[in-house]
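For clarity, chains are labelled A, B and C in written order, and residue numbers in each chain start from 1.
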Amino acid sequence: MPIDVYLNVTVAGILTGLVYGLMALGLSVIFGVVRVVNFAHGEMMSIAMYLTVLLFSSLNLDPLVMLVPIAAVLFVFGYALQAGLINPFINRPEHSQFLLLVALALIIVNGLLILFGPDARTVQTGYAFDSFEVGALIVDATKLYAGAAAIVVAALLFAFFRFAPLGKAIRACADNYTGALVVGLDVKRLYALTFGIGAACVGAAGAMMTLIVDVTPMIGPAYTLLAFVIVITGGLGSMAGALLGGLLIGVTEAVAGLLFTPSAKSMFAFAILVLVLLFRPQGILGRRSI
Amino acid sequence: MSAMLSLQGVSKRFRGLVAVDGVSFDVADGELFAIIGPNGAGKTTLFNMIAGAIAPDAGSISFAGEAIGGLPPDAICRRGIGRTFQIVRPFPALSVEDNVVVGALLHSLDVGKAREHARDLLRRLDLFDQRGRIAATLTLPDRKRLEVARALATQPKLLLLDEVMAGLRPTESDRMVAILQTLNRDSGLSIVLIEHVMRAVMALASNVLVLDHGIAIAQGKPEVIVRDPAVVRSYLGAEPVERI
Amino acid sequence: MPGKSSAAATPGHLPGRLARLALAVFGDVPVRAVILLAALFTLLLIAPWLVNDYLLTVLIVVLYFAFTGQAWNIMMGFAGQLSLGHAIYAGLGGYIAAVLFARFGVAPWIGFLAVIPVAAACGATIGFLAFRFRVAGVYFAILTIAFAEFARIGFDHLDFVNASAGLFLPVAQYAHNDLWHLRGNPTMFYYVILTAAALVFVLCRALLKSRIGYCWLAIREDEQAARAVGIDSFRYKMAAVMISAVITSFAGVFYAFFYNNLFPEQVFNISRSIEMILGPIIGGIGTLFGPILGAFVLTGLAEALNTSLIGLGFDLPGAKHVFYGVCLLLVVVALPDGVWPWLARLIGVAERSQ
């Protein structure tokens, strides 16, 4: 196959990977701080995607414009979830919290199935079929805009955790729970905020993702697994790792889809997951102590 | 007679911190040996290396003539070394009796025989009346005795006790000392104990090793080492401790 | 000594040995529990005469989940390893037995003999990778999901088993029930799954009371402490995974021959894995009767919900699973030990090791 096909596929993979990365960033933030394994992550993203589809079909607003309100809605959802359901069970065994989210995921997926039916929904923007040509490279406009938006949101998030006092407080909780308590931080509120932020990331990613794929209820679980693959590969608790993992998986999927049957592309993601879990469980950029 | 347990030049470091630095000592068969020293001296790290929870970076550990350094904990237990933990770890949801049965199953193929052996040990450790209680509901002294019973059920030739007196009132501590002395006398069980309770050390031990910052700073009979100026300076303080 | 061995070989001793075995396994069960169990079992035995065809099918599903739930419970409730990919064993079992029957006419019971080593090897692989490389807890769960997904996508592209188009078993009109080939009416399948579920129950009880059961519980409670008393935790965890895998694979064989069609997308789906764990979690992980109670309660209520919804004129695919999710949520939040321990205390038949 000619080299520019690979190039195009790789670039498409990178752009999609950026959106994956943003989604995984949400999971990484949640796990890194709150230490909750959010098994309903992909399902939250599918809520965002369906919201986007609904708003688009009724108000005809571009998904990227609706980014902020949708992220806000997911923020509230995440905050409420942590504050109401998860915070009271902080001291329960790990698998208890995990199963809580499994239950939630089950409810969300099937709730969406009841509400929207199994058929795929799409968002057809005005620029849905546009593309940019840079030399031999042909880039889909949708993917380019989605990727760019992902970079912007990720950058905002990095800045928040680096410079904002609230962001630093959250990082303190992650580093040392007891220490944070002793210093007087309202850890439970910060946990809720963090979950909200993670959910907002997912919401934003969901809005962007509607530009790239069709929406069905079953993509929820698929994205949950993908998010875990990315986060574990890139490094649990490492934000840069989540983005890196996203890029890696995005490109791998795209190229694998080209070389083998497209439907088998997630097999590679899983193969990578197994290898990482075995040989480098902390991921590429993760810290040693899991 | 060759030593039951022999450590030569054992060292362990964690990243930048040297926890144990070239420690050597021998424990004779049937001996009661104590290891004392300030917190952070490396005592539990030493135990963990003997018991197989972590592997030494340097040096050799041999038990009954066989090199055991680096073996996993279950292999070490099978060779005859039992241990208790500094923070007690009974099996919380199991009954007192079942806790000991688990230990007894190492040498009894049959659950029935293991249960008999367990009951026998529970009687010796004054826990027989509580054998049906769930381990998590026990008081601390009882849990400590339970852990000793469980370790004894594996029929060890050497028992490692990590601060087994900690948190016990003097009467309970004396009770434990009496039990250990009886075990040592009746079955020739060798015991190595890490202790801060000097009362128990003086009552039990025939040989004491003092660790400070991972280094052995003194070794000898209890009456001798408590007067050792280096030991007094680093750990005991100015008041000499009398043997009870 | 010749005389002694021939005496032991006489048939008269067999009832005696069975009686001693039964006593060892069930000896210290409270009388009330034995009576209740016997009553339940009797009811189930005569059920085909009491209920209509639809309810019989529901009971088959209930017993299917009671069976798989107990198998999963061995790994999680006894040995403490959370698997969310158990569908892989059922899928392998179903596909292997189905292919052997559809292409070579091999009876499912013989087919199962071929399934056993494959399921055991699959479990051993997952277990080995996980335990040797210290993958535990939630990471282990994710690893099991990955394996199941891998199988799903793999089988979806495997032409040998008809890939995503699905594998179909030949169904002919049979004049009578053929137990050997598992061809027949629902009543036959009912008794097969009832026997299987009952046998697993006895097996679990026997395992729990044996040496291996004690070691498993110790590992579940505190693996490091268990190793400190000489338990080779790796070996026992592997045993749990492999036993659980083999038992679950039989469920797959049953599934294949009862429904007569297999699609990778459905059979290896994570939903199947989650369905398998709902019963034991809701009923009570680590208990003997929990998975059975969970299966009855969950499936029973779900079917009741479905029927009433349809009666009211709603056709909601997914309502059942929303219900499952809600039940799981309620149990995790309010009754983390499951419904059975609470109920057992209420009626005075509490199990000993919980």
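The working rule: a residue touches a chain if its C-beta (ideal position, glycine included) is under 8 Å from a C-beta of that chain, and two chains touch if they have at least 3 such contacts.
Please read these numbers as outputs of a predicted model, since none were measured by experiment.
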Chain whose average C-alpha position is farthest from chain C's own: B
Identity of the most central chain, Cα criterion: C
Separation of chain B from chain C, taking each centre as the mean of its C-alpha atoms, in whole Å: 43
Where chain A and chain B are represented by their mean Cα positions, the distance between them in whole Å: 50
Inter-chain centre distance, chain A versus chain C - centres from mean C-alpha coordinates, in Å: 35
For chain A, residues that touch 2 or more chains besides their own: none
Where chain C touches two or more other chains at once, by residue number: none
Chain A-touching residues of chain C, taken from the complex the two chains share: 82, 84, 129, 133-135, 137-139, 141-143, 145-147, 149-150, 153-154, 156-157, 270, 274, 281, 316-322, 324-326, 328-329, 332-333, 336
Interfacial residue positions of chain A with respect to chain C in the complex: 37, 85, 89, 92, 94-96, 98-100, 102-107, 109-111, 113-114, 118, 217, 221, 225, 228-229, 232, 261, 263-264, 266-267, 270-271, 273-274, 277-279, 281, 290
Partner chain B, residues of chain C touching it in the complex: 209-211, 214-215, 217-218, 221-222, 224-233, 352-354
Chain C-facing residues of chain B, complex: 51, 53, 72-75, 77-78, 82-83, 85, 89-95, 98, 101-103, 105-106, 109-111, 114, 150-151, 153-154
